[in-house]
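Okay, so here's the structure we're looking at.
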Amino acid sequence: MGGNLMDQMFFAAEVLLNGLMTGVMYALVALGFVLIFKASGVFNYAQGVLALFAALTLVGIQQGQVPFAHMINAMFGTHIEHFGWTVPSVLAILLTGAVMVLLAFLIEKLVLQHLIGQAPIILFMATIGLAYFLEGLGDVMWGADIKNLDVGLPQGISETIETATAEWFGYGFFIDRLDIWATLIAALLVAALVGFAQYTKQGRAMRAVADDHQAALSVGISLRFIWVMVWSIAGFVALVAGVMWGTKSGVQFSLSLIALKALPVLMLGGFTSIPGAIVGGLVIGVGEKLFEFFVGPMIGGATENWFAYVLALLFLVFRPQGLFGERIIERV
Amino acid sequence: MFDAENSETLLEVNNIEVIYNHVILVLKGVSLAVPKGGITALLGGNGAGKTTTLKAISNLLASERGEVTKGSILYRGEKVAARNPAELVTRGVIQVMEGRHCFEHLTVEENLLTGAYTRRDGAAAIKRDLEMVYEYFPRLRERRKSQAGYTSGGEQQMTAMGRALMSRPEMILLDEPSMGLAPQLVEQIFEIVKAVNEGEGVTFLLAEQNTNVALRYAHYGYILENGRVVMDGPAAALRENPDVKEFYLGMSDEGRKSFRDVRSYRRRKRWLA
Amino acid sequence: DLVVPNMSYRTGAYGANGTQYADGFNDYFTLLNERDGGIGGEKIQVPECETAYNTEKGVECYEATKDTGALIYNPLSTGITYQLIPKVAVDKKVLYTPGYGRTSGKNGKVFEWVFNAPANYWDGASVAIKYLLDENGGDLSGKKIALVYHNSAYGKEPIRTLQGLAEKHGFSLSEIPIDAPGQEQKSQWLQIRRDRPDYVIMYGWGVMNQAAIQEAANIRFPMENFIGIWWSGSEVDVMPVGAKADGYKALTFHGVGKDYPVYDELQEYVIDPGKASQGGEHVGSVLYSRGMYAALVISEAIRKAQELAGVSEITPEQLRDGFEQLDITPERLEELGLPDFGPEIKLSCDNHGGSGMARMQQWDAEAKAWNLISEFTEPDQEIIAPLIAEDSEAYAKEAGITPRDC
Amino acid sequence: MLYREAGDFKTSYRDDGQTFPIRLDRWAYYAALAVAFLIVPFIINDYWANAVFVPFLIYAIAALGLNILTGYAGQVSLGTGGFMAVGAYAVYKLMTSFPEINIVIHILLAGGITAIVGMLFGLPSLRIKGFYLAVATLAAQFFLVWLFNKVPWFYNYSASGQINAPERTILGFAVTGPATSAPAKYLICLVFAFALAWVARNLTRGMSGRKWMAIRDMDIAAEIIGVNPLTAKLSAFAVSSFFVGIAGALLFSVYLGAAEVGEAFGINKSFLVLFMIIIGGLGSIFGSFAGAAFMVLLPVLLKNLLVGGLGWPTDLAAHIELMIVGALIVFFLIAEPHGLARLWALTKEKLRLWPFPH
Amino acid sequence: MNQQTEITADGRQIGGTLMEMKNITLRFGGVEAIKNISFDIREGEIRAIIGPNGAGKSSMLNVISGFYVPQEGEVWFKGQRRGPMKPYQVARLGIARTFQNIALFDGMTVLDNIMTGRLNRMRAGFLSQALWWGAAEREEIENRERVERVIDFLEIQNIRKTPVGRLPYGLKKRVELARALAAEPQILLLDEPMAGMNVEEKEDMSRFVLDVNDEFGTTIALIEHDMGVVMDLSDRVVVMDYGRKIGDGTPDEVRNNQEVIDAYLGVAHD
């Protein structure tokens, strides 16, 4: 019987560990949100679609797809699909990065610039509009079929860890190699971003813009530059998230829905905190996995969609600005 | 000492009209000239259009859905409309906005540093100026690590001014620096304005309600009402003008009158005829 | 002309799946039009309407087309089907839902206008268990089977059947719901990894399928023991997983591959002249074949209806009669260029669902092809028939329908 | 001057408080009502009812509800879909449990039940504000959908978890179930929409409305001048949910006839309704209708134009439709962040001055 | 404790203690914004609170209106100790106020803003409001009449239907006063009512404040930085500096208090 109990405990540990890793994957998406929110007070609903768009573009470039092929074919009766070449992963990632910068530039030029000083909810809505647009654009440009993304990231159980833990504990732990990579990449990203926001001039300007657009303008901070910069970074973060999630479950429409998994992470971590995104991700990841695992079976399962939200909600009741969010300054 | 006669004109506002939201006409032909190295005051009642004028100059109207529809603003002979606010700051015009507008979540020191955003002359120079600002405002040195959102009104006003100084401006547009400040602080702020003006040679255009103080420190004044300039002249002359005395300084022939004795019906203003 | 609208979805979360099906559906009618000049001299019009798998858009499509002389609907969505079942009874249109929709639609006494031959969800569940029985020498007692399902009306369909079968055959069943879209299934598969069920059956759709197959591969669950329903068994589900998906099995109620004479004709009459739907990219894929097969059954029913009514321009009522007397024999299939493609379909007034036969296919990752690995198998009607009777009676009561005499 | 109010004087505070103080507006309003009640029912067919009018009216009710919460009381909610589901399932349970009682009562009760649920999920709003609250309301969205999917009692233990609306009649005319005629569907929705719009107007012009708006504009100040935030916020949640619940009940029973919770009341519904009020105009009754009309009509129009008119392949059309809808939303927000209602008001203001520019 | 009723030089009546702050201490984290301050406000008087920026004046007002809860000390109102109360409950006791940084409801018209001042006097049930029937409509019109009187009093008839967001600063301040007055409060707390005004407008505002005090006998507590205004209007002045009380007395006493001069006035004011 004792062995059984040990097994239970190991298993719980395994679930916990995998929860942590899943949390990191959520956090990757949440990071993009945080950046944009921090710099412009914009709650960027389009972040998920941005990840999808980045992943689609990456695959498209990698495989030498002709953009807008379907539309061109439909209009001119042609049959073009591919250029007939493939592009190495690294180059494709760089090119996609360039596309994301271009996109950031266009978004600023066509959308944000015209909405300076508007209420947050208006900006939020604009990003939903943007999400629709990008979703359509991604499909028209690269086609709606499911694509395979392969940039050489390993996937599947890490056998080293399994055998090692089996030797040590008599229980082989399951850890996905992709998750290990995700964790490493996320850690790097967060360290870099925190350093950037806290200790550089542009980072400070970014936080200033978040506080007060007009005042930022008045001291000579170019909103346009800051926004293009931040959206480019967010686009790059979206690309990373897109690569991770795309490797995990293919590149197609549903990829954009991971945004919904990032929202509770944000709430819990605080909309303005980069480390918060990671910690929030970890708490949510672990929380929902453990809940699904221990309580789920009793109440019929599939609890993950809502549990994260309820967890975040309960948490917020005690700390309305999230774990690391900036305290809401309330004065009259 | 500043010599208005022989000073070149740094900023020239020619007959501008400003409309908000495409329908609300606020400025109806305002003209000003700001001489280099002077302190020019822009006076007038609530809603006269002082803030609007300053924002038109620093090109901040767009974000409030306002636009200059007529006239022109020339800074050093160059049209302001062609420059965005950031470029204006690099060219030496910076505005301290009404209501302070500090970055709430940044510390006082970070607030000051954002003022140096456009500068390219290196960290050492910026550091020197930070010291200079702390010299002018010792209180800020004490509070440099607190979040600006939690500092008092006076401290915020100082932060905003210090921030502007950090950009090494040629001209500061100062919007109601005295609002909500304790009397001794008002004097202090104006003393600092004077010191900066004389010490660093910075030109000031300041919008004020507090006519009394403003006219004591300014060299020249414009009085704005209802979107029009109704009177202008050297500060000393304005101080002696009977209309200004009655309507802006609260003096009657017998000296200052008590707020207890205000009459319900006043003389009509001459220029509203 | 005969109007057969194609309520398709090429966008949204399930767009990748819907596109292929819609292409097959269109192309078969194009073939008939091009090769034979239609059916019985009547050209078939297939106006397409995008539903995005969304019930409201589905209703809009239905309303937009129903007064244009539409005969029959095939929405490829269980949600929209439920929406349309009451409506078609009033508007008198035929609703054909092969392999999906409301299972008890099989009962023609209650669902006069609904047809779901050749097989339904419950048939699928039963055939899968039969296949496993065969593999295990007829005995599944003590075995553990897990059902991984799309947490929606569709995914929940097989639960009762499987519970019944579990009782009958003595295996234990664990149910694992997955919420749409289902990209993240880690905890479910960790649970499977721990519980080590002998078999996993999946009722999935969209991204959930590949995520599940990926996770199964990740935990090294033996693919041969992983069986999907026919909606979890197309190329798009396995291709992203790559080599590790090799050996994955899925049910099907029709043949696979392009090895049928009809494809030559498609090539000649449809694809080469550039008339293929959306460029003919998906010809021969599982879902394409399924769309084509649905079109084939509809066209056969139309033929039958024309024959019965003696006119070429038939009404939906006549088409219903055509369906009720439909008999697609193996010989007829051969004539149509699809020998042994589907089971024999013989319908009647009370049986709108046919025999329910299905077979197993297996993925060969190297060849990137599905292979058929079993013959058409009958489901266990002993379990299913009472369930269908019960469910359709409940519906009849709720909707105030007095079952027809047949 | 096309549009004038000169000569339109008010002599009592009651007149001054009326909904359409300007005579021209009043006439336009009466004319619209007359058309809606007296003409449309006689010419409407199934397509127009099902593709345009019925969804428009139902969404207008939902938009009214959300507008009360978000536009008037300033609490952004993304849980509309979930609350609509509560209305739908409540009416389903009521219809099937008490078939002898009139459907109108069921629908109203469903609204009431939703109001209670709404209040429950509104409780966190006392602590949580802004986008944090918006995201928190998603908890309601996902939890409710899960609940209705999971607990068989809600769907009367049907095999697939789908719910179907049985036939119910008013004055002998079927209003639910497949046999419902287009005018009957239209009229019941119209009556509800009209009555609820009137109620919304009354609430928002009176003290409740002022309390809500006070909380919206500056919650701390509102509390200090005497608004009890608890009752103000919860009453906003309750009224809003009441409306949304009725919309959900009508959507299921009158419009769709059958529903599956995740699909019919998913998160997209929440966004759709939010779009409506933002495009239409936050804090405006007219805006709720305008926004609903816009969001219901636009896709139908685009589809007919792109597929029917230009003959594009449906998928391309659908993708381009997405792009156009997205671009239009952004465009509208840029052109007038306060929505169609404000656009309309500004147009009127311009007309008043016409032909002078200011 | 209760003082005798007095008649001031200009013939106003000042009654006994209406409100008393006893040993109030308020801390924010480590910062002590108010340090053990006591003072009283008598019925019918105009009581000024002055002090340098950041002295804790607004915080004191916030304590009175229940928005800040002091860590130590008691608030007495009408001879009774006020228990823990939410701000809206305090408002119901008859305490109304204006704010330092105008806190009007920007999305509403002037009229609606002022009507919110009367919200505690409107009791119509929810159903009645929903149907606009009976009590709701009646009350609306009754209260509208009272509000119109305030509007007349403050001379803002012409902007009744304007959304307040668009108003110039001075008018906003006046609307805020109107909102407070509409509540017909016993005590009116004014936080820098004349900041950002020119002399002319200050004169207008002073007149309103005096008239309110005179005509309705409303007790007024006032924070102001304009010494002219403070000295002219107030009966008694409390001086705060860095959270401490450094002076309390008539304007004359205060202006000659050396500590006050050092900390606040800078130079002796005439």
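To keep things simple, chains are lettered A, B, C, D and E as they appear, and every chain counts its residues starting from 1.
Basically, contacts are C-beta pairs under 8 Å (C-beta built on N, C-alpha and C of every residue); 3 or more make two chains touch, one makes a residue touch a chain.
Each chain and its UniProt protein: A, D = Branched-chain amino acid ABC transporter permease; B, E = ABC transporter ATP-binding protein.
Note that this is a predicted model, so its numbers are computed, not measured.
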Per the touch definition, the chains contacting both chain C and chain E are A, D
Distance-wise, how many Å sit between the C-alpha centres of chain C and chain D, to the nearest whole number?
-> 37
Just curious, how far off is chain D from chain A if you go by their C-alpha centres, in Å?
-> 32
Note: chain D sits from chain B at a C-alpha centroid distance in Å of 48
Here the gap between chain A and chain B, centre to centre from mean Cα coordinates and rounded to Å, is 45
Touching two or more other chains in chain C are residues 10-11, 15, 19, 151, 179, 278
Going by the touch rule set out above, which residues of chain B reach two or more other chains?
-> 24, 150
Would you mind listing the residues of chain A that make contact with two or more other chains?
-> 70, 139, 144, 300, 302, 305, 332
Which chain pairs here would you call touching?
-> A-B, A-C, A-D, A-E, B-D, B-E, C-D, D-E
Within their complex, state which residues of chain A touch chain D.
-> 43, 70-71, 74, 110-111, 114-115, 118-122, 124-126, 128-137, 139-140, 144, 260, 263-264, 266-267, 271, 299-300, 302-303, 305-306, 309-310, 312-313, 316-317, 320-322, 328, 330, 332
Contacting residues of chain D [partner chain E, same complex] | 13-14, 17, 199, 202-203, 206-208, 210-211, 213-214, 216-218, 220-229, 235, 283
As the complex stands, chain A meets chain E at residues 332
Contacts from chain D onto chain A in the complex sit at residues 70, 76, 124, 127-132, 134-136, 138-139, 141-143, 145-146, 149-150, 220-221, 224, 267, 271, 274-275, 278, 282, 312-313, 315-316, 319-330, 333-334, 337
How about chain B: which of its residues touch chain A in the complex?
-> 58, 60, 62-64, 84-86, 88-90, 94-97, 101-106, 110-111, 113-115, 117-118, 147, 149-150, 163-164, 167
